[in-house]
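Working notes for the structure below.
Read from first to last, the chains carry the letters A, B, C, D and E; within each, the first residue is number 1.
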Amino acid sequence: MNTLRSANMPSSLLPIRISDLRLIKGDRTVLAGVNLMIDKPGITVIMGPNGAGKTLLLRCLHGLIKPDQGQITLGQLRVAGSRDQQAMVFQQPVLLRRTALQNLAFAAPEIAKSEPQRLIQALESVHLADRAHQPARMLSGGEQQRLSLARALLSEPALLLLDEATASLDPASVLVIESLVKAQSAQGTKVILVSHDQGQARRLADDIVFMSDGRVAEQSPADQFFIAPQTPVAKAYLAGEILF
Amino acid sequence: MGALTEAFRLIITLDPDLFEILWLSIRVSLIALIISAVISLPLGTWLAITRFPGRKFCILLLNALMGIPPVVVGLLVYLLLSRSGPLGWLGLLYTPSAMIIAQVVLITPIIAALSNQVIENLHQEYSDTFYSLGVTGRRAVVAYLVDARYALTTCILAGFGRAIAEVGAVIIVGGNIDHLTRVMTTAIALETSKGNLTLALSLGTILLALSLLVNSLVIGVREYAAKRQYA
Amino acid sequence: AQSTTSTQNSGLYDYLLPMVKEDTGVQVNVVAVGTGQAIKNAMRCDGDVLLVHARPAEEKFVADGYGEYRRDLMYNDFVIIGPKADPARVAGAGDVREALQRIQQAGAKFASRGDDSGTHKKERSLWQAAAIDPDSGSGQWYLETGSGMGATLNTGVSLGAYVLTDRATWIAFANKQDAVIAFEGDENLFNQYGVIPVSADRCPNVNREAAETFTQWLLSETGQAAIGAYQVEGEPLFFPNAN
Amino acid sequence: MGALTEAFRLIITLDPDLFEILWLSIRVSLIALIISAVISLPLGTWLAITRFPGRKFCILLLNALMGIPPVVVGLLVYLLLSRSGPLGWLGLLYTPSAMIIAQVVLITPIIAALSNQVIENLHQEYSDTFYSLGVTGRRAVVAYLVDARYALTTCILAGFGRAIAEVGAVIIVGGNIDHLTRVMTTAIALETSKGNLTLALSLGTILLALSLLVNSLVIGVREYAAKRQYA
Amino acid sequence: MNTLRSANMPSSLLPIRISDLRLIKGDRTVLAGVNLMIDKPGITVIMGPNGAGKTLLLRCLHGLIKPDQGQITLGQLRVAGSRDQQAMVFQQPVLLRRTALQNLAFAAPEIAKSEPQRLIQALESVHLADRAHQPARMLSGGEQQRLSLARALLSEPALLLLDEATASLDPASVLVIESLVKAQSAQGTKVILVSHDQGQARRLADDIVFMSDGRVAEQSPADQFFIAPQTPVAKAYLAGEILF
C-alpha cells in the first residue's frame, strides 16, 4: 500500500509538530493547549493518568477529531493528507461481524487478492492462525486485541498509533506484541504508544511524553524519565500516588 | 368464522382464478421489492455514512415520504404513463409493470428511511475503524449492508408488507382488470364494494397467510444463517 | 374500456366479455371507475370505449371531439333503498319528489355518493326537482360518502339511511342487512347508459378497430339480446334499447 | 405544475373546508399514533428481551401483520362496530373514533415489529449488564426505550406515515362523510374518482407538506435533544 | 439490597463448587471439564493465557452462560438462585446512554431514592465525583472501568467477579481500585478476579487459580504459586514464555 517508505529509512511522517492544540467538549476543556514536537524515529510512549487526554491526542493525530484550535503537521503533510500512511489500534477493538481472516481481508483487499498467504502470516505473527475461521467478535478479549494489531500492521504504515494495545494480554502475548512493534519500528515506522504499563514503557520507549490535565507536562528521553522525572506530577504518577 | 371457512374452501378447491390473482400479487410485490431494495438500501446506507450539506434534509424527506398517500403515488404514475403523458408511448398503463412502478415509488422511501436508521446505529460503532482503515465509498456501503444484514431484513419486510397490502396506487395505475391486473387487494376492494364482505375477508385471510409465509421464509433464512455464523 | 363501477359490480361484464371474445375475437379489459373519472380518463386517451350514464356529459364529450359518436345502449332504473322500518314512510309517497321531501322532513338520514358520478348527478337533479337544498344538512342528515355505489350502500345500510341506487347494483349487492327497496317505479328514475368509442383523431393511440368492433357488437342484435338475457337472482338488470 | 399552484391557492385562501379536513386528518392520525405507540413500543421491546416459547412466532406474526391490507383491517373493524356487531351498541361506526381504531390496528404491528428490531440490537449490547444488575421486566423495558429513543423515532415516524397516508381502512369505517369523517386521503380518493386529478394532486401536495412538517418537528426535537445530551 | 450477609462474616455463597464444567462453542470445546472448589474467603485471582477460558468461567459462575455439562453450586444455592447476591465487572464495561450518576441510580434505584448521597460517595470512592453529570459513554476508557466498578459495589454483593477490571487504569487508579477491592473482601465479600497483572496478583491474591486450554491447571495459595508453580504451563506463563 504505502510505497513512500522503504525499510530502515526514517518515517516520512517525521517530524510531528503539534502546536497549541485545544479541544472543548461541552463545558470542559479536554485538551488545553498541547504543544509537542516529535522528530526522532523509534518508539514514543505517552503516559499519564486516566482522563489526561492521551486517547484524544492520538485521535487528533489520526485525523479522527478536528481540534477546536491548533495545528498538527506530520512531515510535509497536514493530518488529512497523512491518513493512508497511518494505522491505529484502538483502546476498545472494533471488529467486523465476520471471521478473523475475513477481517484482515477486508482491511487489505489488494493483499487478499494478490498475496492471500500474507494474511495467514499476519495471523500467525499474533498467534491466531488456528482462529482464522472463527467469528471475530467471539474471540476472547486478548485475542481481539491481537487481531486488531495484525490488521493495523498489514498496511505497513509510516506511523503506527497504539492505544493501550496490550492492556488485556497475557504476559507471553505482551512480549509477542512488543517484539512485533519493535521490529516494525526498526523498519522505520514511527510508533506512538499509549500505555499505563511502566514495565512496557521501560522496555520499549525511546522517549516518553507525559500528559496530565489535557496538557503535555513533560517530554524526556526514556532513561532519563524513569530515573529522574522533571515534573512533580510525573514523579507522583510513577509512585502511584493519587493525582485526581 | 365464515370468512375462514370460505378462505379454506377457496384454497383447497384450488380455485384457478384465486391462484392467478395470488400469483400476480406475489409477482408484482416481489419484483417491486427487489427493485426498491436495490435502490433504497445503498441509498439509506450512503446517507447514514457520508456528510454533505443537505444530507439531513434528504433524510428528513425520506422520512416524510414514508407518509406519501398511495393514491397520490398512483396519480403521479398514472399521469406519467397515461397515453398523453411523457411515458405514454411505452403503453404501460393498466399493465402489471405500471403497478410495479407505483409500488417501487411507494416503498423505496420506506426501506431507505428505515435502513438509514439501522446503518446509522452501526456507523456509530464502525466509523472510527473504517476511517482508520481508509474504507470509504462503495466498499463502506457494501460492508455496512453485509454486517447489518439481519437487522435490515426487518426493514425489507416492512417494505414488502406495504407493497403487498397496497391498493390505492395499484388500482389507479393497474385498473383492477380481471385476468390482467387484478391483485388480491384490488379483488378485496371489489368484493367489498359488491357487499361480499365474507368473500372479501376470506381473500384478506389468504393474503395474510401469504404474508406470513413470506415472512417465515425470510426470518427462517435469517435465523439459519445467524446460527451457522455464530455456532 | 373505461366504464362506470355500477355495471362492473352488477357482474354484467363477467357475463358479456367472454361472449364478445368468442364472437369477435376482441379481448376487452374493463377499468371500472366513477362516470366522472371515466370520462376524464378517456379525455386523456386512456381507454378505447367509454360506457357510462350521464347524458349531458357524454354529449359534451362527443361535441368536444373526444368521442366518435354516442349511442344509447341500455337502461335500467334507480330505486331508493332504506331500512325496513321505513321511518320516513317513503313507501307511501306519490312520486320521487314527495319521497325526498318526506325524508328531509322526517329528519331521516340520506347517504349520497357525492362523487359527481352519473348516479350522483341524477340524485342532485331529483333534489332540485323536490326544491330541497340538501347541502345545508351535509354531515348531519345528508351524508356525502364520496365513494362508489357499493361503498355508499355499505355505509347507508349500516347507518339505516336512505340511498338512491341503480337497481342492478342493489340486486347484486350482498350486504343488504335489514334494508329493502323503499321506493321505486317513478319514471323520473329512468337511467340511460350510453356507449362512445374514443375518437381516433384525438387519440392516435386508440385501438380503433377493436373499439368499433366491440361497440358494434354491443349495439347488434346479439349483443342487445345478451344484455336483455342477463339476470341476477331471477331478475333482469338491464333493458337493451339501442337506437 | 398546476397542482402546486392549486395547492398554494387553497392554502393562502385559507379554504375552510380544506382546513376542516386537514385538521381531522392530523387529529385522527396523531391520536392513533399515540395510542399505538403506547401499546407497540413496550410490546416490541418486551418481545426483544424476554425468552419464552412462542416468542419467535409472535415476532414473525408482527412482521407479517405489517403486510395486512388496510381494507381487511377496515372490514374487521367495520364488522366489529357495525350495528349488528359485538361493539355495535357503542355507535362508533362512521365516526372519527372508528377511524382511529382502524389506524391503531393497522400501525401497531408496524411500530412493534420495527422497534423490536431496534431494541434487539441494543439488547445484544446491554443484556449481560442488565442480567448482572438484576434489571428485568418493566424496568428493563423502560430503560431500553429510553436508551433507544433516537432510533425509535424513525419507527414512530414510519407508523405516522402509514397512518396519515392510509385510505383503505378509514374509508370503510369512516365512510368519507363530508363534514364528519372526510380526511385528506379520502378526499384525494374522491377527487380522483371525480376525475379532478389536479385538485387531487394538490391535496396530496398539501398532505405531503403536512407530513414534512411533522417529520421536521420530530427530527428537529431529536437532534436538539441529542446535541444537548452529548454537547 | 442484600441483607443476608453482615460485615466480617464469611460470604454466604461459600463454598463454590464447580464440577466437570464443559462448554462447546461451534466445534471447539472451550471449557473442557473445569473442576474447582473455592471454600476460603478472601480474594481468588484467576490467571492464564488469552483464550484459556477465564472469562467464560466467570460468566458461568454469574449465570450468564449455561454450561453444556457440569454443575456449579454456591453455598447452598445453584447459580440461578445466587444471582442477586453477586455482582460482576466486565472486561469491556457497558454503560447506559446517560450520565455517570444516572448510571449508578439506574443500578440501585432504592438507594437513589432513599440515600442519594451514597451514590455521590460511590463516585467519590472511584474519584469520579467531578464527572457525575457527564454522559457516561464519553468518559475515558479508565474512567468507564472505574464507574462500572462503583456500580457493581453498590449492591454490596456476597460474591464479586472482576474481569480484568484494572486493565487500562493508571497506576494510581489501580491502587485505588485494589484498596476498594481489599476493603470489600475484608467485609466478607468473596472476590474472584481475573488478571494478567502479576504485580496485582501478588498484592491481592489469597489464592491463585491457573487456567489453560479450558481447564484448571493449578490451584495454589498465592505465596506458593509465585515462588514454586507446580505445573510447567504456569511456570512458562510466569516467565512470559509462549504458550499458544
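Methods note: a residue touches a chain if its C-beta (ideal position, glycine included) is under 8 Å from a C-beta of that chain, and two chains touch if they have at least 3 such contacts.
All of these numbers come straight from a predicted model, not from anything done at the bench.
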Check your understanding: Chains in contact with chain A and with chain D: which ones?
Key -> B, E
Practice item. Would you mind checking the shortest number of contact hops between chain D and chain E? Key: 1
Exercise for review: Have a look at B-C versus A-B and report the one with more C-beta pairs in contact.
Suggested key: B-C
Revision key, fill the gap. Cα centroid separation, chain B vs chain E, in Å, comes to 49
Check your understanding: When the centre of a chain is set as the mean of its C-alpha atoms, what distance in Å lies between chain C and chain E?
Key -> 81
Check your understanding: What whole-Å value do you get for the distance between chain B and chain C if each is reduced to the mean of its CA atoms?
Key -> 36
**Study point:** Set of chain B residues in contact with two or more other chains
**Key:** 192, 197
Practice item. Mind pulling the residue numbers of chain C that touch at least two other chains? Key: 41, 148, 151, 154
**Study point:** Junction residues of chain E - those touching two or more other chains
**Key:** 25-26, 138
Review point. Which part of chain C faces chain B closely enough to touch in the complex?
Key: 5, 8-9, 13-14, 29-32, 41, 44-46, 148-151, 153-154, 172-176, 203, 205
Review point. Considering the complex alone, what residue numbers of chain E touch chain D?
Key: 59, 62-64, 83-84, 86-88, 90, 94, 96-98, 106-107, 109, 135, 138, 151-152, 155
Practice item. Using the touch definition up top, name the residues of chain B that touch chain D in the complex. Key: 56, 59-61, 63-72, 74-76, 78-79, 110, 113-114, 116-118, 120-121, 151, 154-155, 157-158, 160-168, 172, 184-185, 188-189, 192, 197, 200-201, 204-205, 207-208, 211-212, 214-216, 219, 223
Check your understanding: Which residues, counting only chain B, touch chain A once they are in their complex?
Key -> 125-126, 128-129, 131-135, 139, 143, 146-147, 229-230
Check your understanding: What does chain C use to touch chain D in their complex?
Key -> 33-34, 36-41, 114-117, 138-139, 143-148, 151, 154-155, 158-160, 177
